[in-house]
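What follows is a pair of complexes built around chain A, which joins chain B in one and chain C in the other.
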Partner chain A sequence: MNDIKIKTVNLSKWYSKIIGLNSFQLDISSGITGLVGPNGSGKSTFFKLAIGALKPKTGQIIVLGQNPWMNQKLMSDIGFCPDYDSLSDETTGKEFLELVGGLHGLKGINLKNRIDETSEIVGMKEDLYRKIGGYSKGMRQRIKIAGSILHNPKLLLLDEPLSGADPNVRKSLINLIKSLKNDLGHDIVVSSHVLYEIERMTSKIALIYKGRAIASGEISDIRNLIDEHPHNIIIEGTKLEELAKKLLEKKYTISVGYQENRKKIKVQVSKPDEFFDNITEIITDLNCEVTQMYSLDDNLEAVFNYLVER
Partner chain B sequence: MGIDRIKYRSWKGGKSSHFRRVYSIILNIFIQKIKSKGILAILIIGLILVHAFPIIFGALFPHEELTPEMLVGSSIILGSYLKNGLLVIFILLLVSLVCSDLISQDLKDKSFVLYFSRPIKTLDYLIGKIGGAIGIISIFTFFPFIFYCLVIIGTQTGDDYSGSFSVFGKTIIVGMLTTFFFVSYGIMISSLTQKKTYAGIGIFMSFFVLTIVGSIFSTFDQNWVFISPINLLFYSYDIIYGIDIPSELNSNIIGILLFCILFIPLVVTYTQIYKKEVGR
Partner chain C sequence: MLDITDNLTKFFALIKYSTRKILFKKRIIIAFLILLTVISVLGYAGSQQTDKLTTGSDLLGLLIVWFFMPAICMIYGCSVIRDEIEDKSITHVITAPINRILAYSSYYVSLIICLSLINLIIFSLGFISFFGQKGIDSEAISIYTTFLGLVILGVFIYSALFLLTSVIFKRPIYFGLFFVFIWEGFIGTIPGNIQKISFNFYLRSIGSKQLEYITINGATNVITSLAIIFGSILILIILGSIFFKTKEFS
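The block that comes next holds the complex of A and B.
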């Protein structure tokens, strides 16, 4: 069934002189849909409009057949995982999930069972009684995702769920998101500024740039265009020299350079998909400790500029 | 990470229990606050210093019944139980700790989305926050008053229990007024800033500044004393207990200002939340 979950018609939102979305036209159907765009392109604004946290200036957004603005009832059918961290450090994971469940009207044994189930789904059962302040970035993302699926919503909105996570956590979060659709049947809209992350979750994407949906459809249609542009990735961690040497042996690596007193390396690759396929294995082989890995926006910005100009 | 499909059962429960949603916010606030070492310390020290002695001495001293004077009058040994500077200082410390981050932290962390991406209205959120704060503050500003009255009634030598219970009923109103008075004011200050430190200091200092302002201007007109929230509260006690206030003071002003200080902060807080995070 390919029914429309979110429909926007000439949707615009601006904050004084800053444009969030500009005549945004997009239909999102069931399954996993990826929203890809550089930072500031309007992805978070789109999500906020979809949960009714913002009111459109012009145009319309329809979510699950309803207008989300001031529609609290609709929120029972939506699970939202924001891009920013709004979790209290002093709260335990269990207390957070109890609050979220309570906000959805869950109580007693139902709530307890759902907390058990969702914490198991996101792989956080063992850490539920720890304070969130002691959680890693990946754990914080997992507990936020648990909070968004706790009430078994029809539609999941995940805003940059992979941001800031290390490669292993990214991989497991991607698997988790895929299983939320494949095993549990959630329809999911997930955003990222890294196309290759979205590609690992779904083939359906929408490209957002400067507040507009500039393309949507199958990822393969635009992938070749994007692959023509070198992709820049920053890696932070230990044994970077060995990692750089190893990466330079690969055909897809164009260059590797140090940054910030050799605390980071910037890798430029021609085939990002191959890089992302291999990097976990290389890190494991070298026994490196990678604390952070992320793609630079400027590359994606260049791609989007290229697409817009075409 | 795989998911065992057999173990997973989708939740089919109802999604419309309104009270439960507000209650979960109240409970969350209460648990968070009661776990705070600072709040717990203020509560314990305050209960011992401010409430324990009047309750113990009140029970030990021979008395025929519970009278308003025992609560708001000045005794030689302990001073006044309710009109007590130490009581006010501890309430202000407690309110500053409890209320300072109630809204300001959500403004700072953008955690409004935690609530408003759920089936929760702005008013539900506000009631939940206020309810949680009232739960904590009432441990110091409501239940000890009730306990004091019950101890005094339980140890009275006279037979006039109706008079005692009349005062007991008025004390319940005084306790509720005191709790709501401070929480309403505290939550408003918290909604005006993103920094809980500013909010905490703001709550504490604004009471003293207004008291000083009131004492300066009262040399021109006695009614200026009401600009001090503390004086306003103390004279409200007198009116509730049926004790005459000085003839140069206008009791209508007390009513108007009390209404303003109880409800205007709530309107301000609601407007702040709506303006900043909901109604954009």
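The block that comes next holds the complex of A and C.
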């Protein structure tokens, strides 16, 4: 129970007629947790509620055991990197970090040392004296992350830290985020609408859609949820017509369709475990020659699609 | 003790950053244009055959104290916090462990530091442009100190008002334009009791007790005027702090 970093209970937030979060239920424990959902799903609203920038309409959010609304002291333990550009072009990276450090009560040699350390961690030491207006997208993301870790917070909230960055920068930011956990011990909540990227940072995810947390846990746990929902399998080989007929007799088969000039069939099943248990026997009985069989649902993207469409 | 030191560090960090931001933003060009206008007008007037003290005090009052000073306060006051809300750089303030009332006070202090400095430069150079040609004697110095006092007092009250509007309104400049040009500029000069609901009236009242060249009907005494002005500043800062503390930043 003590491991819970963020807990929400029936948390709702809406802006006039637009729903940000709707009876949102989620427990986030230590480590790196990925929040995954399409744009507009409520990820940023969740972060804004977690940092006390927004007040819940109903329900409750507890961060590190405290209510964040009008609780500025809690911010000592939280580092936040927003998804939007929050930097002033006219200031230098150093001035920005001095402001953030000063606002966290750092001064003098301590502030200078922390600026040196964090700029080193994010690889921005050489560019600290340049105006932020001249920074690339990747550099802006890095300096924002530096600002969020400057005061050595217990919990880091990174909202879409990879958005807009080119592939090389994405890769290095992913490594940076992993090292923030592995080397510096920060607990991190990181959001993205790209599942592939989250998968590279953590195996622990929460899927958000239309203001609700539709699933959360280890990717393997979420994969089990797939089994409760239709599963698509592609089979390539000979005697596909007979195979299709046989499969349609099974209760777990929802539909069978041809693909690519009848060279393949796409089978949609409700219980993949039963399908995989039986398919070898069916193929043997029919004397089919199956050259390829694969599930369309083997990646995280498919998990997400299943869950958001139900 | 640690808490006080800690809060002072945060307070001054924000003042330092905000002051630098106000002074080095492109908006400072407006202050330069106003300075050029003031120097040109007062410089030209100083070269004409006019009564030094009457014309000098009339021009300094009309041009700077009753017009440009509130206008500059409006331009800067309406934008300090609002600009940060719009460009979202306020995020780094609201996600810091600084009490929002303290943060709001930092913005106010930054604003009055910058506006006092800008208005001091404009007023002093305007004064020199006119009286430098006519001769600076003790009476001219008396005009300078009285009007400068009113300018600084004006900066305190107008900054408090416009900073509050920048937290409340999405487009505070519309309120600002109305307030400076219609409320203070027009209603504040209408004879009768209605003028008493403008800050302009109380600044004039204080000035009229110090200088014979500032005239106003039904002026209140200095203590009352100062009490109303400082009372208003306090109320405006408290209101602004409450709005800022409870504001949602989406």
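Basically, the second predicted complex is superposed on the first by the 218 of 310 C-alpha atoms of A that agree within 3 Å, B and C clash if a C-alpha of one lies under 4 Å from a C-alpha of the other, contacts with A are read in each partner's own complex, and residues count from 1 in each chain.
Quick note on the criterion: contacts are C-beta pairs under 8 Å (C-beta built on N, C-alpha and C of every residue); 3 or more make two chains touch, one makes a residue touch a chain.
Please read all numbers here as calculations on a predicted model, not as lab measurements.
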{"item": "Joint occupancy of chain A by chain B and chain C, clash or fit", "value": "clash"}
{"item": "Chain B versus chain C as contact partner of A:Tyr258, first or second or both or neither", "value": "neither"}
{"item": "Chain B versus chain C as contact partner of A:Asn152, first or second or both or neither", "value": "first"}
{"item": "Partner with the higher number of touched chain A residues, chain C or chain B", "value": "B"}
{"item": "Which of chain B and chain C A:Ser88 touches, first, second, both or neither", "value": "both"}
{"item": "Partner chain(s) touched by A:Asn110 [first = chain B, second = chain C, both, neither]", "value": "first"}
{"item": "Which superposed partner A:Ile78 touches (first chain B, second chain C, both, neither)", "value": "both"}
{"item": "First (chain B), second (chain C), both or neither touched by A:Gly123", "value": "first"}
{"item": "Colliding stretch - chain B into chain C, listed as 1-9, 145-153 or 217-225", "value": "217-225"}
{"item": "Interface residues of chain A shared between complexes with chain B and chain C", "value": "15, 48, 51-55, 72-73, 75-76, 78, 80, 82, 84-88, 90-91, 95, 98-107"}
{"item": "Residues on chain A engaged by chain C in the complex (per definition of touch)", "value": "15, 48, 51-55, 70, 72-76, 78, 80, 82, 84-88, 90-91, 95-96, 98-107, 147"}
{"item": "Chain A-facing residues of chain B, complex", "value": "1-3, 5, 7-11, 13-18, 20-21, 23-25, 27-28, 31-32, 35-36, 105-106, 109-121, 277-280"}
{"item": "Contact set on chain A toward chain B in their complex", "value": "15, 48, 51-55, 72-73, 75-76, 78, 80, 82, 84-88, 90-91, 95, 98-107, 110, 114, 117, 120-121, 123, 151-152, 172, 175-176, 179, 183-184"}
{"item": "Of chain C, residues touching chain A in the complex", "value": "6, 9-10, 12-14, 16-17, 20-21, 24-25, 87-89, 91-100, 245-246, 248-250"}
